[in-house]
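Look for subunit A in each of the two complexes below; its partner is subunit B in the first and subunit C in the second.
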Partner chain A sequence: MGVIHGVDLTKSYGKLKAIDHLTFEIEQNKITGLIGRNGSGKTTLLKMVAGYLIPTSGELKVFSENPFNSLEASANSILIDDTMTFSDSFTLVDILKEMTPFYANWNSSLALGLFDYYSLNPKQPHSNLSKGSKSTFNSIIGIASRAPLTIFDEPTTGMDSAARKDFYRALLKDYLEYPRTIILSSHLLSELEGILEDILLINQGTKRLHLPALELKELAVGLRGNAQAVISFVEGKKIIYQEDFAQGSLYVVLKRELVQQQLEQIRQSGLEVLSVATDDLCVYLTAKTKGGIDDVFKKG
Partner chain B sequence: MILNTDSMKPIYVQIAEWLEGEILSENIKDEERIYSQYQLAEMFTINPATAAKGLNILADEAIVYKKRGLGMFVSPNAKQFILTRRKSQILGQMIKELVMEANRLEVSKSELNGMIQQVRRENEEE
Partner chain C sequence: MSSKKVSLMSISFKQYSYKLRAHTGLLNRLLLTQILALLLSLLGTSSMGAGSGQLSVTVRSYSANMVIVFSILWVMIVAVLLTTKPYKQIEMPLVGNRLTGNLSDVGLLMTASVFAGITSTLGGVLLRDIMYFISDRSTMAVDGFFLTLTDLMFGMVVAILCLGLVSAMGYFIGVLVQANKAFAILIPVATIGALRVYTHLGQSVVEFYIGNVSLLLFALKVMITSIILFGVSMMVSHRMEANQ
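Moving on, here comes the complex of A and B:
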């Protein structure tokens, strides 16, 4: 069952289309990763879903309602991002205590437990927090809200590696105990893909892929070795990415299904068959320009 | 337990292999209940759907079987089955790769056999 339905959804800022005729559906009680490069439209999309922005055209339904002016959708969703601001007349602990009336499922003991664990200063105002501590504090609100639709926009910005790992683990543990629909936007796919069920990859406001995380992991395969040998196997097939690796040597990424039957033969001929990290694959699939950063440095 | 996310092996395959390891070492014995998808998700910090796929690999090979409403249980003879299959598949593949690498390095047949014998002897002495 879908919790969010978008049909032909568009959001323009002047001439720029941040979201461009996007049709998608987010299923209930799944953890979905919204992945895309900087400026791909992730934040705009999430703000529309949370009801902060009104779409320019197209249809968007959250819990079967238009989120922009629906109390129902608003009461059942939360958007956590780094622009959240709280009045400085509240201390951090006050903020957590004041959440109870806003979120029906608010888990106060979990919020305070996480707060203690991260050793944040209860008396501090929100605006004084460092970047990483602010992200940590906001993530506590996101987890403890247990909102039926919980959205995190770049939740780990500024967090150190230990805090990020703790966040993913805390989120997953609470999700297991209390399943709900969760969307996480990030460009750090490698460290969070393990907890994702689905991945929605967007690029320039359009959908590039939407599939189970497990399938993305096996979508592509990399072949590396003697350039002529590589070419003989991939000729005429659609290449996702290629890189001149060393003199006379080539690295090519393409869909696994295109060479599935020949993999044994390819190995026999001395080429390396490599798995492609989902992180890298997403970069290749959303490249704005052909080639990579190395081409900038190639003169003449 | 740390999963290798960079590995050629998908996470669910690593889960299946870890469970097989638990059966081989008899940490989980015949007819005992195996971890649920939610327990595995918690243990490894992975999505329960990924854990379920790992369990399904074992179910497809009848290493575990489902008891309605009670969960998954280790089949009788599961250990023997895993041993036989690993011998033919994994060991077979490793030997294939070993021979290929030996050819690349221009190691002769007798030289390679000698190297294997040597490692064997060293292991026995330990």
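Moving on, here comes the complex of A and C:
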């Protein structure tokens, strides 16, 4: 069952379309990764879902309600991002207490447990926290709120590697104990991959693809070897990415289904068949040119 | 789906009590303002002297009006502040919508008005006490010095109503400015312009509210105006996007 439905959703700022006729559906009790490059419209989309922004056109339903200004939708969702502000009258521990009456499923013991684990200073006001600590603290609120729809927008900004791993682990553990719909937006897909069930890849406000994470892993294949040999196999097929190496060697990424039958033949002719990391694949899929940044240098 | 029915009033009240604790700093500022006003009042609001030959008379008046005026300025500033982005942003992590945010602001301003009304009226009593001890009692005019409880209560109610009205005006102006920044220039220009062209306007507006002797009628006028101002503010901010 879908929790969020977007049909032909558009959000424009003047002439710029941050979200451009996007149609998508987020399923209930799944962890979905919203992946996209900087400025691809991730934050705008999440803010519409959270009810902060009004779509310019199209239809958006969260828990079968229009989320903008909806109390019902607000009570069932929470958006965690780095713009969250709290009064300086509150210490960090105060904030955790103050959140309790707002969220019906709030888990106080979990909040305090995580708070102790990260050994943040309980007496500190929120505005004095460092970037990483702020993200860590906000993520505690996100996990402990147990909101039926929990949205994290770039939750790991500024966190060190240990804190990021702990966050993913804590989120996954609590999700297993208390399943709910979670959306994570990030560009660190390689780290997230392990916990994501679905991946929604957007680029320039449009949907690039929306697949289970496992399928995405199998989606593409990379061929590497002698340029002529590679070209002979991929000629006429849609290439997702290509990269030239020295000595006439070529690396090409394309959909696995296009060469599925020929894989054996390809291997026999001395080419390497490589799997493509989802992280890289998402970069290739959202690139403007086939050769990536190399193209810029070739022209000179 | 674990969607639960939520009530507008209960969320508004939760936000109100959250904001009350979140904005204690504003209350501290009121007390500072009032102390400052009280100190200024000790200098005397007016003084006049007359002398002829061997006799000279100096009359010095003291009044705690300054405390009330400063409190009115404070509540105005608080009302405008509440509509600004940094103050609206503290609502973001909470459950709520525009309406609950507005309702909790109104609750907060009413509380602030009552608090400021009581403290500023009591400021007048405090000024009398201080004068009683620091000045030469034999030269003190008794007229108006002793305050009856009825007068004190009356003063308090009037002060609270005035503060409430001013807060509603401040909030309305704040919302208009948030809706369109042009109002930040337009409102002062229009106000000053109107007062210059129609010289009696200011007077007749004041007359409308305090021209009548009946407290009940005054209260009624103030309350209706405040409700209209808050109501329009809510309608204006209803379609505004958060966190632009």
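Operating definition for what follows: the second predicted complex is superposed on the first by the 296 of 300 C-alpha atoms of A that agree within 3 Å, B and C clash if a C-alpha of one lies under 4 Å from a C-alpha of the other, contacts with A are read in each partner's own complex, and residues count from 1 in each chain.
Just so we're on the same page, a contact is a pair of C-beta atoms (placed from the backbone, for glycine too) under 8 Å apart; a residue touches a chain by one contact, two chains touch by 3 or more.
No experiment lies behind these values; they were computed from the predicted model shown.
Chemist: Here subunit A is shared; do subunit B and subunit C fit on it together or clash?
Modeler: They fit side by side.
Chemist: Using the touch definition from the top, say if A:Phe63 reaches subunit B (first), subunit C (second), both or neither.
Modeler: Second partner only, subunit C.
Chemist: Using the superposition on chain A described above, determine whether A:Ile31 touches subunit B (first), subunit C (second), both, or neither.
Modeler: In the superposition, A:Ile31 contacts subunit B only.
Chemist: Which of the two partners, first being subunit B and second being subunit C, lies in contact with A:Leu209: first, second, both, or neither?
Modeler: Neither subunit B nor subunit C is touched by A:Leu209.
Chemist: Let me test your reading of the model: by the given contact rule, A:Ser87 touches which partner, first (subunit B), second (subunit C), both or neither?
Modeler: second
Chemist: Which partner chains sit in contact with A:Leu53 here, subunit B, subunit C, both or neither? Use first/second/both/neither.
Modeler: A:Leu53 contacts subunit C only, not subunit B.
Chemist: Once both structures sit on chain A, report the angle subunit B, subunit A, subunit C from C-alpha centres, rounded to the nearest 10 degrees.
Modeler: So the C-alpha centres give an angle of 150 degrees.
Chemist: Have a look at where A:Leu258 lands relative to subunit B and subunit C in the superposition and call it first, second, both or neither.
Modeler: In the superposed model, A:Leu258 contacts neither subunit B nor subunit C.
Chemist: Would you mind checking which one, subunit B or subunit C, touches more residues on subunit A?
Modeler: C
Chemist: Between subunit B and subunit C, what is the shortest CA distance in the superposition, whole Å?
Modeler: Once the two complexes are overlaid, subunit B and subunit C approach no closer than 20 Å between C-alpha atoms.
Chemist: Of all the subunit A residues, which ones make contact with subunit B and with subunit C?
Modeler: None.
Chemist: Once bound in the complex, which stretches of subunit B touch subunit A?
Modeler: Those residues of subunit B that touch subunit A are 3, 5-8, 10-12, 38, 41-42, 44-50, 53, 104.
Chemist: Give every residue of subunit A touching subunit B within the complex, in rising order.
Modeler: Within the complex, subunit A contacts subunit B at residues 30-31, 168-169, 172-173, 176, 190-191, 193-197, 212-214, 217-218, 270, 274-275, 277.
Chemist: So in the complex, the part of subunit A that touches subunit C is made up of which residues?
Modeler: Touching subunit C: residues 1, 3, 28, 47, 51-54, 63, 69-72, 74-76, 78-79, 83-90, 94, 98-99, 101-105, 141, 148 of subunit A.
Chemist: Which of the residues in subunit C end up touching subunit A in this complex?
Modeler: 1-6, 8, 11, 14, 18, 21-25, 86, 89-90, 92-100, 238-239, 241-243
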